[in-house]
Structure formats: structure tokens, C-alpha cells
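Next come two complexes, and both contain subunit A; in the first it sits with subunit B, in the second with subunit C.
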Partner chain A sequence: MADAPLLSLDALSVTYATGRGPLAALQDVSLAIPKGGAMGLVGESGSGKSSVVLAILGLLGEGARVTAAAARFDGHDLFAEAPALRGRRIGVVFQDPSAALNPALTVGSQVAEPLVLHRGMSQEDAAARAVSLLSEVGLPRAEAVARAYPHQLSGGMKQRAVIAGALACEPDLLLLDEPTTALDVTVEAQILDLLEGLRKSRGLSLLLVSHNLGIVDRLCDDLTVLYAGRVVEQGPAEALLGVPSHPYTRGLLGALPRADRGRIGRLVPIPGGLPDLTQPDPGCNFRARCAFAEPACAAPQVLAPVRSGADASRLARCHKAGENLIWPVPDEAVRRHRGEGDILLAAEGLSRSFALGGLLGRLSFRNGIPRLAPQAEVRAVDGVTLSVRAGEVLGLVGESGCGKTTLGRLVLRLIASDSGTLRFAGELVPDKPGAAFRRRAQIVFQNPDSSLNPRKTVAEIIRRPVTLFGIARGAEADAEVDRLLELVRLSPAYRGRYPHQLSGGEKQRIGIARALASRPDFLVCDEAVSALDVSVQAAVLNLLDDLRDRLGVAYLFISHDIGVIAHVADRIAVMYRGKVVEEGPARAVLAPPYHPYTEALLSAVPLVGSSGRAAARIRLAGDVSSAAGAGGCPFAHRCPRRIGPVCDTVVPPVLEPKKGHRIACHLPLETLAAVPPALGWA
Partner chain B sequence: MSGAVAVRRRAIPGALVWGGIIVGAIALLAVLGPWIVPYDPDAFSVRNRLQPPSGTFWFGTDEFGRDVFSRVLAGAHYSLAMGFGATALSLAFGIPLGLIAAFDRGWLSEAIMRAVDVLISVPPILLGLLVLAVTEPALWKTVVAVGLVYVPIMTRIVRAVGLGLLAEDFVQAARARGESAAWILAVDILPNAWPPIIVETALRITFAILLGSALSFLGLGAQPPASEWGLMIAESRPFIEQAPWIGLAPGLCLCILLIAVNLLGEGLRELLDPRLRGRG
Partner chain C sequence: MASYIARRLVAVLGVLWAMTLLIFGIVHLLPGNVAYMILGEYATADAIATLEARLGLNDPIYVQYWRWFTGLLGGDFGQSLVMDRPAGPLIAEALGRSAILAGISIVLVAIIGIALGIHSAVHKGTLSDRLLTLLQYFFIAVPEFFWCILLILFFAAWLGWLPATGYTPLAEGGLVGWGVHLILPVFTLVSGLIAHVSRLTRSSMLETLDSGYVLAARARGVPERLVLRRHALPNALLPTVTVLAVDVGILIGGIVVVETVFAYPGLGRLLIFAIENHDVPLLMAGMMVVTTVYAVANLVADILYAFLNPRIRYGRAAA
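This part shows the complex of A and B:
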């Protein structure tokens, strides 16, 4: 690249003033983005990714001290001219499109606003331009969208509108801070396609900040890996993700459950957490967590070419980067059950609807006579039949709003079902089950912050189910608490702590310990690892794997992350709009024949190291909330393989390509079997 | 508490210290009042009518020559009884009603909340008047009236806080264990609901003192010659230009008490919320 880069940061440092002294959020971060280039910035939460974005925009505020040897944007001094550059030549898209749009203004006026503000366009011209921008980002009926208010659009449409606003002033550089994290995977795929297209058609440069290695790999040429405020590795994306050099990057890739690999024993758990940034370590700041640390690591490390002379574009901040470092992976325990036991939980035709609006909302007047309109309802779960065997893991996937969480609560009888039956160990479970069922069926939640009572100590939280179900009392119960803590790999020192004194991963372990305290046979894991960083997620997934293997606990594992499901599940059920559209052994569901929805879902998954997959991609239009007809296939309105009216009106037959693998679709099995594998394995 | 990691207690918040000192001092003066007043608060003295503040009469004297300082001291207990008594009453009814309304999603909740809506739609002073107007005025009746006026407000706040907490996953975990409604409300909900309830309580105490004084001002609370601060302000009205100190002294005392109670509430909330304590 002979040209001067569009954006270059040299030794950018950011320090925040905190109550405990200055916090070094970024230390000597250097990166350069060529014109038309795309740089990915990856790292776990707290690594300083967002600080880079805010520093480029000059939006860090009073409490932050920003220094840099040089920061240039297309020949301009970035810091001196940041207010003039942002919004005009540097556009930005943040994570949550709902928060980025003002609910009180129309979408069109918000896209047009920068044109009026920065370009001095008239209201009418700006409004007309806004419509053409909205259609450029792939929004159908752009005039109508421009007149709509944000709440009338779906999440994906809102993010498109935000991107249109960021593009309004024809910027050269687009900063994307986790642009798809709040979106469903099929919608994420649409947005990534859009960004890829815009980059080509407009010659845009991108800085993509993400924790998701898959989407960074898809969109970016170069990668910068950030750890606790320092760049630990930098280089071309393909080479870096193919053969990472820094131990942290290696660990991160090993910790990632990958949909295209399926079950691969245990993941690499990176122990520990982020270092204290108020006391930056002059040596390698990853060495406390690194499996290859040695005394020499205490010396300051420099970002240097991985192999001297060989490839100057690959840099790593580790003196051992040239060596072949392989993270140790814990051994798999011997599995007590292999999911071949008796049927433990069997749900048949479970349904649950939720009423929309209250009594007063239904009250209307006709000719002065008050009448009650019929109750509007959403069928969250619609006649679902499924079963889980003892010691088996049933993975439940689907996008937000498909009813997976409701189904998880239904099988625990936490909410009552409208119809259908539930059997546990052969016995019918009534609407208000007794203590025996409660003891044997427990739940682990998604959000570690909300799953523990903040006013109770760890010991109190775990002890309650132990004494409640009469498993032990007195000193025995205390011993049981210690045993449970040990089971989730926490020391007894945690007994007296309150939840706010724990990290996210630790809280999640306490949640698991509490669920295991009653010695259940069945656990519902509702997005149990979704709120965790990859390195912590790997440790918790390994733990859940171990518990299943050693204790023979069966899971209903609910997740939107196909990689996680592919890693843990023995069988997989795919849900769409309250119905299970496909169900079967994990290997069978992840390979053709697929239900068309499964196919779209799997091909939308951003995979690491498979950029060549583009040709086989299936894209869905719209999203789950799009209007649908009643009676037929729940997926008919979005289905790329729709046959005709039969899909809308007739309930699809259940095909069974293999024993136990069921697909509900009108298409003949031969057609479904002929599609190319979406994940690369047949 | 067992376990190796002891929870370090955080320093007591400054707001709590100052609020506590002032409220404590006022409470002490209210209790000791009858013994430490320099003059009989109700004794007339024609010679010393409308004297401005001086070394002899610290806060001056009123139109009957009564010592304002003595009267303010003797009246402190009315305001304290009004504020704390009425608020305690509103908590005693409001918390259980609010918790039930939050937990029960059926007709009981609906009935409680619609009754609350009706009561809230009536201006508090009118509601207080309604309770008081039918019987002979007396201080304890004012306390009851003010307390009842604030029950619906307390109920609504407790229910709102409770609804938020009931949606938390730790409550779902309790349901998954089959815990009883009473256990969930007492162990999972109420302890976590205290911080907002305490802030509201401090606010309610101040409003109760004000409303009690207002009712006395209107002649429906404490009766002359009682030296209730609201009543004193009411009685000082004709002399506001000649002798502003008669109304100013109880007014300022009322003001200081209200600020101190608010500080106390803010400090208590900070102290009670474990999430505001430092990480261990």
C-alpha cells in the first residue's frame, strides 16, 4: 500500500480518572486503515474497544485523558479537527439501533438531519435524499419507512436506517461498534451483506469493533486484537485467524465453540479475568492467565513481527509468538449416560398464548354502546411435542421471539400451559407440581446479574435448596454447600461473598450450583452462557459438559448461538414462531436434508476461517415479526423455497429422513436432501 | 457470617450522619421540651406582647406575650408524631397491600389498584378534610387521617418496585424450587424493595409533616392553644408585618426538620443497598 492510510493512530493512550486512581484504558494502541480498507478490532468486554471508537470521534469527555504520538485522518490532525470530521467524513453506527434513534421523530427526519446540519441542504432536498439513502441500504418502500417512527420498524430495519444516517454525508470511514450484536443471526447476515456491498459500491473504509470473530473474519482485511488496553496481535485477518501467534488469540480461538466443527471434546478455558487497569503491568499483562508464562514474560513486551524478516505485516506482543504454542485442553470425563436412557421428560402438544393489552384496551364503543372486542393473542408456543432422555442434551435453537424461553418455562411448569400434557419420569405433571418434580427439574438463567438475590451471600443462596428439599441440614448442609462450590470449581472462600463481589462467570457458576443443589435430573439452561465473554463461556460450557458426564443430568439447552448448540447438544430442535420445524440428532440436523429455515439459519452463522462460503448462502428477507398467514407452515411467509398457497393454508407433513429426525415441510425429501451443506459438513 | 471473606462495612454516609444528628437533636428537644422551656409556652403576658427576638425572648413573643421559643420547643413533638406516626401507618398498610397487588395478577390485584386509583385522584388535603370533618378534631385523628391519605401512594410504589423485582430471574429460581408466595415476598422481594421504599418514606414523612401542619393551619388538626407549628404559622398571619418572627420561627424549624429527614432517608438507602458497597 503506497498511499498514506486514511486513518492512522500512533501510540494512542486513554486514561480515565476513577476513584481508585487513573485507569489506563488504552496503552500505545497503533493502527492504520488504508483507503477502502476494513480493519476489525476484536477483544472481550473491558479490552478498550469502544474507547478506541470514542477517541477517534473525540467524544471521550472530561474525565478521559487522550494522548497520542500522532493521530491523522486523511492528512488532518484527528484530535484537533474531530468535531468537524465526525458526522461528515467519519460516520458511526452503535450497537443498539433502538437507542440510536429518537422515538419521537420520524426515521426520515433523523436520516435527513445531518444533511441539513452539515451540508446546509434545505429540508425538502434532505428529505428526498433521505428516501434514496433508505432505499440504498435495502429498505423496501423507502418513502413509507421515512414517514414511520422507530417503534414501527423491526430491529434489523432500524439498524439499516441508522446506517443510512451514518452514510448521509458521504463519509470516507464508517465506525461500527458491535453493529449486529443486538440482532438475530439471520438479520445479522443481512446487515453484514449490506456493509460488504456498501464497502464495494462506495469505496468505504470500515473500522469494525466486535467480540464476534466470525463477523470480523467475514468483513475485514486486517485485524487488531486488543487485550486489556494493549494491542496483542495485528495482521491480515485470514492469516491471523488461520494461524494465530499470540497466546491470547490462540486461546480465544480455542475457546470458541464452532458450528462447523460440532462436538470437539472440551474447549480451551482461559483462566482468570482482566487485570486491574489502575495498576498496569509493565510486563506482559496477559501472563497471569497465560498457559505459557515464564519469568521472562515480566519484561516489557513489544509489538514486533512474529518471525523476523518473514512477514512484516504480522505483529504480536509476545516473545514466544514464533513458537508453536498449543493450549492445554482438559480431558473429557467418562460419560455416565449417552442419552440412551429412558425418556425423562415428555411434552405433548404444549401450547401457550399471551393476551395482548388489558381489559380497557379491548373496550370499544359502537353507536354509544360499549362492547368488548375479542382478546388479541400471541401464540408463543404452539402445540410443541418433544422429549428428553435421561442424561441427554436437547439443544433448542431459534431467533428471538420464537418461543424458546416460553417453552423452557412451560416444561418446568413455571407458567401454566393452555393445552397439552407434560410427563416427567413417566408421570403426569400437574399445573401446580409438587416438591418431587421441583427438586428434580431445575433452571439456569441467562443474565448472571439478575439470577442471584443481591442481598444474600453465596452460602445462603446455595444452602436454601439444600435445606428446603431436606437434602441436609445444620453442619451437613454447610458441607454440602462446600461440595457444590467445589463442583462448580469455586473455593469455599466464596461462601461469604455477595453477588456484586463476583464476576459474571462466577455468578453464573453460583447459579449453576444453586440449580444443582437439589440434585436434579433435568436442567433447563436458558441462554446460560450467552451473556459471558468467550473465554469465560468456554469454562462454563466445559463445566456443564462435565456435570452432564459425571452426574448424568439431562439438559434442555436453549440458545440462539448455533456454535454453542452444535458443541453441547446430542439432539437439536429448531423452533420458529412457536413451532418446532425440525428435530433430530445433532449431526443430522446440522447436515442436509434441512428444513428451509434451518438451512437459512445455519448459512447465516458467521464462521471463522471460511470466507469462501459466500456462494452457498441463503438469505431471508424480513424477520420473525413480519406478518404471516394462519393455518399453514409458520415459516411460509419468509421461506426462500416456498412452493405456493399450499404452504400458507395446509399444515406441512412431517418427513422422517432418518429415525428420530423429523422435518415439517411440504417439499419432497429428495429436494431437501439435494441442498448443499450450509456448514461445510454433510 | 461464616466464610473467609468478611464483608467490609463501608463508611457511614455523610448524609446519614448529618440527618441523624439533626433529627436526633430535634427529637431530644421534643422529649425534653417540657423541662427545658424557659417559660410556660401557654402563659399569657400582656406586658411582653409582640416583643422582637432578644436575649430574654430568643425568638420573640406573640400577640399574647407567649414566648415563641418555648412554644416552638413544646410544639416539636406534634410535628414528629405527625410525620413518623402517619408514615408508619401508611407503611403498615401500604407495604402488604402493594406486595399482594404485585404478586397476585388476578381480581384481587385489580380491586386493590382500582381502589388506589380512586383515592389518589382525590387531592390529599381534601381527603384529610373528609376524614376529619365528620368528627371532633384531635391530634391523633389528624395522624390517622394523614396516614390513610398516604396508604394508596405507598401501595402503588411498593407494587411498582415489587413488579420489577418479581420479573428478576432469582424470583423465577424461587418459583422453580416451589417456594411459597409468602417466602418469595418476605425473602426475595421485600429486602430488595427497601431502598426505594426508604427514600419514599423519607419523602412521605416530610409530606406528612406538611400536610399535618396544613390541616392544623386550616383548623382541623391540633387545636389552640396547642403550639403545633402549622397552627402557630396560621395564628401568626395577622401579625406578619408587625411581628414576622412569630411565623418565621416555626417555619424555619419545619424547614430544618424536613431537610434533615430527607438526608436521613438518602443516607439510609445508601447504607442498606449492598450494590452501593465496595467490591470485596
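This part shows the complex of A and C:
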């Protein structure tokens, strides 16, 4: 590098004061971003990623002690001048755009605010500039958006507005803290395109913080991998993700379910959890979880070139980094013949609408004359027919608001359906099912923090359904609790613990054990692994896989993560606005012919190691909430392959390219079959 | 916004109408004869019959209700039995004096409570925050009648600085003579409420200061004073506004006690008087007025809330 880097951090350390003593959140983190460069900062939750962003901004607060050998931004001392730099030369985009915008101020005034403060612009000039910034980030009707309040915009629009605000004073560096994590995958793809374009057109430097390796791979030149406050690996993105050196990076990639590879056998979980940062380990802090640990790992490790001489840009903090290490793949349970049992659950024409607003909310006045608006409704699930065979996994994908969760609750009769029938093991399930159905059909929720009662111990939580459904009593029930704990790979020592004493992965296992307590044949897993880190998610996915093999449980597996669905599902159903638009065997759904929505969804998935895929990307305008006509195809208003008015008004016919693979679309099958594969699956 | 206010107004009118049913029902449908209740157990049959005729108690119940209800709509609050005067002017006079007490109190509660709450939140964990916290819990814990007695003993009986009881109209006593009668009652009324409001403001301000948009504003380089004033305060005040309306209800309850102890001739004392003397028409009218005050306070709070919160001011129409 000829020029001095724009941002350079040398041995940045951050310590938080806690009740248990100082917590070393960051230890000697060094990184440099050249002008116009893009650095990705990856790591799981608790690795210290966000602390780096806040330290650069000087916003860590009073509880934190920040030290560094040097921290420079374009020749300035970052720590001394951070208050003068932020908002002017360093812009930030935080994770959740709904939280980052003040609900009480218009979007335009928030974009204009730094212009008035830092550039001394008049309110009128700043407001006009805000409108042009909003249209630069791709918001249609920017003037209306500027006058709107945050709650009137969708998530994707809000994030564009936040980006516009961060760009207002034409910063040199943009800090992006998980900028797309709160967004749907098709919207995420739009935002990534925008960031990529801005980087080129404005010569921006980026620091992208993310847990998603696919996003980082798309946008960044260089990567820094953070583990428990230390940099464990650093280097050019493509080389690093192609051939990772540090065992942790290798583990992360092995644990990642890949949408483009589908079911490749077992994922490789990383056992254990983050080390206690109040007592930092002088040696390698990953060694407790590492498959290759040896006594020499207890010695302090330095961040050093992986191979001496040849490639000095690849650094790793591991004395074995140069060796060819392959994480051991865990043993597979005895694999039974899957997904060819009898039909266990069959839903036909299930629909459910929710009313919007109460009686007074519908009352409005025009020229002083009161009028009562008709009851507004949203059709969350609209005539869905699907079936799950014994021992089969049906994956249900779709973006937020498409009705996945409602459908999951409808097939368990946790909420009543407006119309349609539900059969379980051949028998009609009434609206208020009895204990027999409840025993056989259970659910695992997304967030174990809110679905486990914090006042009950693990044993009490699991024991309740055991006795409730009459599985066992007394001492037998206690034995059953131990058996269930063992089933989810937790030792009986967990019996007396409370939920707050468990890690996220352990909590989710308790949720699974509770669902299995009644010995069900069918489980709805509603985003059951979405809240978990990749390394823990892999363990839970493997566990669910084994349980199916050992117990023959069928799943309705709901997820927004195509990678996870591609990994677990035998069959996949794709939902859009309450309707199933495509359904079929996993391999068939993930390869052409696609429904145009499936195609867009799959091509929006950020993949690791396929930066060249950009050419084939399908981009959708708007988001799910964009207005749609009634009647025809639910996707018509956003469809890039829309034929004409027929899509808006006529219910699309169901095409069946193969037996069991159904696509609801007006386009001829030949056209759908001719599209290039979005995931590399032919 | 106009539509929102109109909707709230419809709701308030609905509540008031329901209250007329409730108040009328309590008095007329409970077991026992109203005339008997008024005259007491030694009343002669003749006296009861006369009073029944005067009150129209022999008419069917819905006719009686309709007569009272249409009277209310026309501004006729009925006739006080004991004082033999129309209840309307009696109540208006007392209400005016109570309104002075309550108005000063609620303004003090809002200003001092919010200011202290913001101060504590911004200086969280400092000595002044801890000291305020201690004082606030003390004032919340001690009931108001205790203050009444203590204050009278200290300032009126012992020091002799302030009058213990009574009221002097502004025209007679001038600003000082009028004001000295208000100090002790107002202090009694506001002490607990200020503590309550400042605790609430402190916690909602802390929550707001911890929010994403405050962090985002700081990251944008907005100076701290502006962060507090423009970004944090309008959002932090939302729960306070709602609670202030509820506090008006608590204040009305407090006024009944305070007016009685300090012999202050307001609505609270008039209500007690009506109860003690079995003056049913006066009691019903007084209760309607109290209800209306409370309902209007909530209406004002709703409108203020909408003013501070664009999510209510504007619907979810996409821009």
C-alpha cells in the first residue's frame, strides 16, 4: 500500500467494568482500511464486533476503558477528534432501521440534521438536499418520503433513509453494523446493491460488520475474523473464505448450511461457547472449543503470516494455521428411510384473516358527517393446501409477513381457521382439538428467551408435559426428564438450572426437549434456529436431524433462511402473501423451473465464494407490503416476469413439471424451465 | 388529526352517558327508598309521601331518568334539598375554587416532576440522583393526610406563618391573602404526585436515552443538548402525559381530603356536605361534574399524546 490507510487501528483494547470485574471485550485489535477499501468484520455474537464500531465513533460510554497504541483517521488522532469526525467524515448505519430513526421526527428532518449542524446550511437548503439524497439512495417519490414519519415506511425504505442520512455530509468512511440483518432477503439484496454502487460512485471506504459470511464476501476486499475480542484471522476476503487458516474460521464455514450445496450430510458444529472474558486466557482463547488443541496452544499466540514469505497479507493467530486441518464431521445416527411414510398431516384450503382496528378506529368524519368504514382485514393465510408425511421435513420459506407463522399455528389449531379442513393421521381435527391431537403435534418456538418460563427450572419445564399427557408419574417422570435431556444432548446436571443460566443453544434444546416430552409424531419448528449463532445452529440442526432418524418425527420447518431450509428439508413450500406459490421436492424447488418469486428469492441469497454470480441476479422492486390487486397472482405487482393484466385478475393455473412439484404461474412451463439456475443447481 | 380528536370526543361523550346511567342507577336502583334515605329513620309516612311527590319518585324509573338526563343537557343540575337552591350555581362556585387548587397543583406536578425526572436520568447514579430517589420514595410512601396534620402543626400552630384553614377571595384579601391559604393545601396535594411523576419520567427518559435513535443521533454528531431536547424528550414524555391524566383522578380524590382538613370551600367539601346531609340531587350533580373533569383531562392527554406521537397523528399511509 503506497498511501497511508484512511483508518488504522493499532492494538485497540476495550475493557468494560462489570460486577465480576473488568471484562476484556477487545484485546489488541489491529486493522487498516485503505482509501476506497472495504473491510469486513465477522464473528459471532459476543465477539466484540459492535464494540469496534462504537470505539471508532468514541461512543462507548462511561463504563468502557478504551486504549490503543494508535488510532488514526486520515492523519487525525481518532480518540481526540472522534466527536468532530462522526457525522461529518464518518457515517454509520446501524442494524435495525426501525430503532435508528426517531419516531417523533420526519425522515427528511433526520437526514437534513447533520447538514444543518455540520455544514451550516439553512433549514430550507438542508431539506432540499435531503430530498435529493433520498432519491440518490433509490427511494421513489423522495419528497413524500422526506415528509413522512418513520412508521409510515417499510423496513427497506427506512434503511435506505438511514443510509441517506449517513451519506449527508459526504463522509470518507461508512461504518455498517449488521446493516441488513433486520431485513428480508430480497430487500437485503437491494441494499447490498445500493452499497456496492455507492462505494463505486463515491469512492467510499466501508467497514462492514456482519455475522453473515455471504454478505461480507460480496461487498468486501479484506476480512477480519474476530473471536472473543481477538483478531484470529485477517486477509483478502476471497482467499480467506476459500481456504481458511484458523481453526475457528474453518469451523464457522463448516457449520454454515449452504443454500447452493443443499443437503451435503452433516454440519460441523463448534462445541462449547464463548470463554469468560473477565478472565482472559493468555494462550489461545479458542482452544477449549478447538478440535486441534494441543498443550502448545496454552502459550500466547501471535497474529502472524500463515505462510512465511510468500503471502504476507494472510494473517492468523494460530501456530498450526499453516497445516491442513479438517474439522471432524460428527457421526450420523442410523439413517432410516425417510419421507415415504403415509400422509400424517393434511391441510386443505386453510384460510385465516385478521381484522384491523376496532369500532372507533373505523369511524371517520368527512365534512363533519360521521361515517363507518367497512371492517378492514388482512388475509394472513389464503387457501393453503399442504401435506406432511410421517418422518418427512416440509420446509416453509417466505419473507416476513407472508403468513408462515400463522400457517404453522393453523396446522396445530393453536388459532382457529376461517375455512378449510385439517386431517391428522386420517382423522379430521376439530377447531378445538382434544388432548390426543395436542400430544401428537407440538411446536418449537423461535425465541427460547420468551417461550421458557424464567421462574421454572429445566426439570419443571420438561416434566410438565410429561405428567400432563400422562406419559409418566412420580419417579418415572423424573427418569423421563433425564431421558429427554439426554435426547437433546444435555447432562442431567441441567435439571436444576433456570433458563437465565443457560446459553441460547442450550435454551433452544430445552424448548425441543419440552416439545418432545409428549412423544409427538409432528413438530412445527417456527424459526427454531434463527436466533442462534452459526456454530450453535449447526448443533441444533444436527440434533433435529437425528431426532427424525431416531424417533421418526415429521417437521414443518419454518424459516426465512434458504440455507437452513435447503439443508433440512425433504420438500419445500414457498409462501407469498398468504399463498403457497410453489411446492415440491427440495431438489426440484431449488432448481429451475421456478416460480418467478422463488427465482428472485433464491438469487437474492448471499452466497459464500460466488462473487461472480452478480450477472444472473433478479432484483425485486419494493417489498411485500407494496400494494397488490385482489384476485390474480399474489406476486403479480412485483413480478419481473409479469405477462400483463392476466396476472392481476386471473388466478394462476397450477403447473406440474414433475410429479409432486407444483408451480402456480401463468407463464408456460418452457419459459420457467429456461431461466438460468439461481443457486447453481440445474 | 381532526378525525382523531372527533373520535376521542365521541368516546368521551359515550363514557359520560354511561356515567349518567351509573350514577342514576346507584342512587335509584339500590334497595331502599330515596325519600326515606334523605329524611332518615324517624320520618313520618306523610313527610315521605310529600318528598316522593316533590322528587317525582312515583313516576316510572325511565321517566325519572329521562327528566334528570334532559335536565343535565339543558344545564339544569337539579335542586339542592338542604340549601333549597339550584345545585348548578352552588357547584360552579365550589368548582371554581377547587379548580384553582387543582390547576396550580397539576401545573406544579407537571413542571417540577418532569424537570426532576430529566435531571435524575441525565445524571443517573450521581449523588443528586440518589438523593432525589430517596426523597421521592419518602414522599410516595407518606400519605397526604399525614402532611396535612404535620404542616398545620408546624407552620400554622407552632410558627404561625400561615393560616391553618379557610379561604379568602382574591377581591377581598389581595394576592397575598388569597395565596397564603393555598400554600399548605397545594403542598399536600403535589408532594406525592411530583415524586410519582418524576420517577416515571426518569425511567422513560433512561429508556429513551438507551434507544437506537439516540445512539444514531450521537453518531450523526448531534451535540448532547440537542440530543436531549430534540431526540429524547418528546419520546420520553409520552408515558408521562398519560399518567398526568390519571393523576388528575388521584388529585380529585386528594382534594376531597385536603379541602376537608383545611376547611377549604371547594367541590370536595361540597360533596362531603351533600353526603352527610343526604342531599341526593346535589350529590348526583357533583358526581357528574367530577366525572366530566376526569374525562376531559383524559381527552386533553389523548390530544397531547397525539401531538407528541406522529404514529397517532398520521395513519400508516405509505408515502
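Annotations
The working rule: the second predicted complex is superposed on the first by the 670 of 682 C-alpha atoms of A that agree within 3 Å, B and C clash if a C-alpha of one lies under 4 Å from a C-alpha of the other, contacts with A are read in each partner's own complex, and residues count from 1 in each chain.
By our rule, a contact is a pair of C-beta atoms (placed from the backbone, for glycine too) under 8 Å apart; a residue touches a chain by one contact, two chains touch by 3 or more.
Nothing here was measured: the structure is a model prediction, and the numbers come from that model.
Annotation for the three-chain superposition on subunit A: subunit B and subunit C clash. In the superposed model, A:Pro492 lies in contact with subunit B only, and not with subunit C.
By the touch criterion defined above, A:Val162 reaches subunit C but does not reach subunit B. Contact with subunit C, but none with subunit B, is seen for A:Tyr149 once the two complexes are overlaid on the shared chain.
Within the superposed three-chain model, A:Leu31 lies out of touch with both subunit B and subunit C [touch as defined at top].
By the touch criterion stated above, A:Arg141 is placed in contact with subunit C alone, subunit B being left untouched. By the touch criterion stated above, A:Ala316 is placed in contact with neither subunit B nor subunit C. Of the two partner chains placed by the overlay, only subunit C lies in contact with A:Ala99; subunit B stays clear of it.
When the shared chain is aligned, subunit B comes close enough to touch A:Asn453, but subunit C does not. Superposing on chain A, the segment of subunit B with clashing C-alpha atoms against subunit C, chosen from 109-117, 163-171, 235-243 or 271-279, turns out to be 235-243. Residues 57, 59, 83-84, 86-88, 92, 94, 96, 98-106, 113-114, 117-118, 141, 144-145, 147-149, 151-154, 162, 165-166, 360-361, 363-365, 370, 625 of subunit A are the ones touching subunit C in the complex. Interface residues of subunit C, counted against subunit A in their complex, comprise 2-3, 6-7, 10-11, 211-213, 215-223, 226, 230-231, 234-235, 308-311, 314, 316-319.
Contacts from subunit A toward subunit B in the complex involve residues 409, 412, 414, 433-435, 438, 441-443, 445-447, 450-455, 457-459, 464-465, 468-469, 478, 492-498, 500-501, 511, 514-515, 518.
Only residues 1-7, 168-170, 172-173, 175-179, 187-188, 191-192, 274-275, 277, 279-280 of subunit B touch subunit A when the two sit together in their complex.
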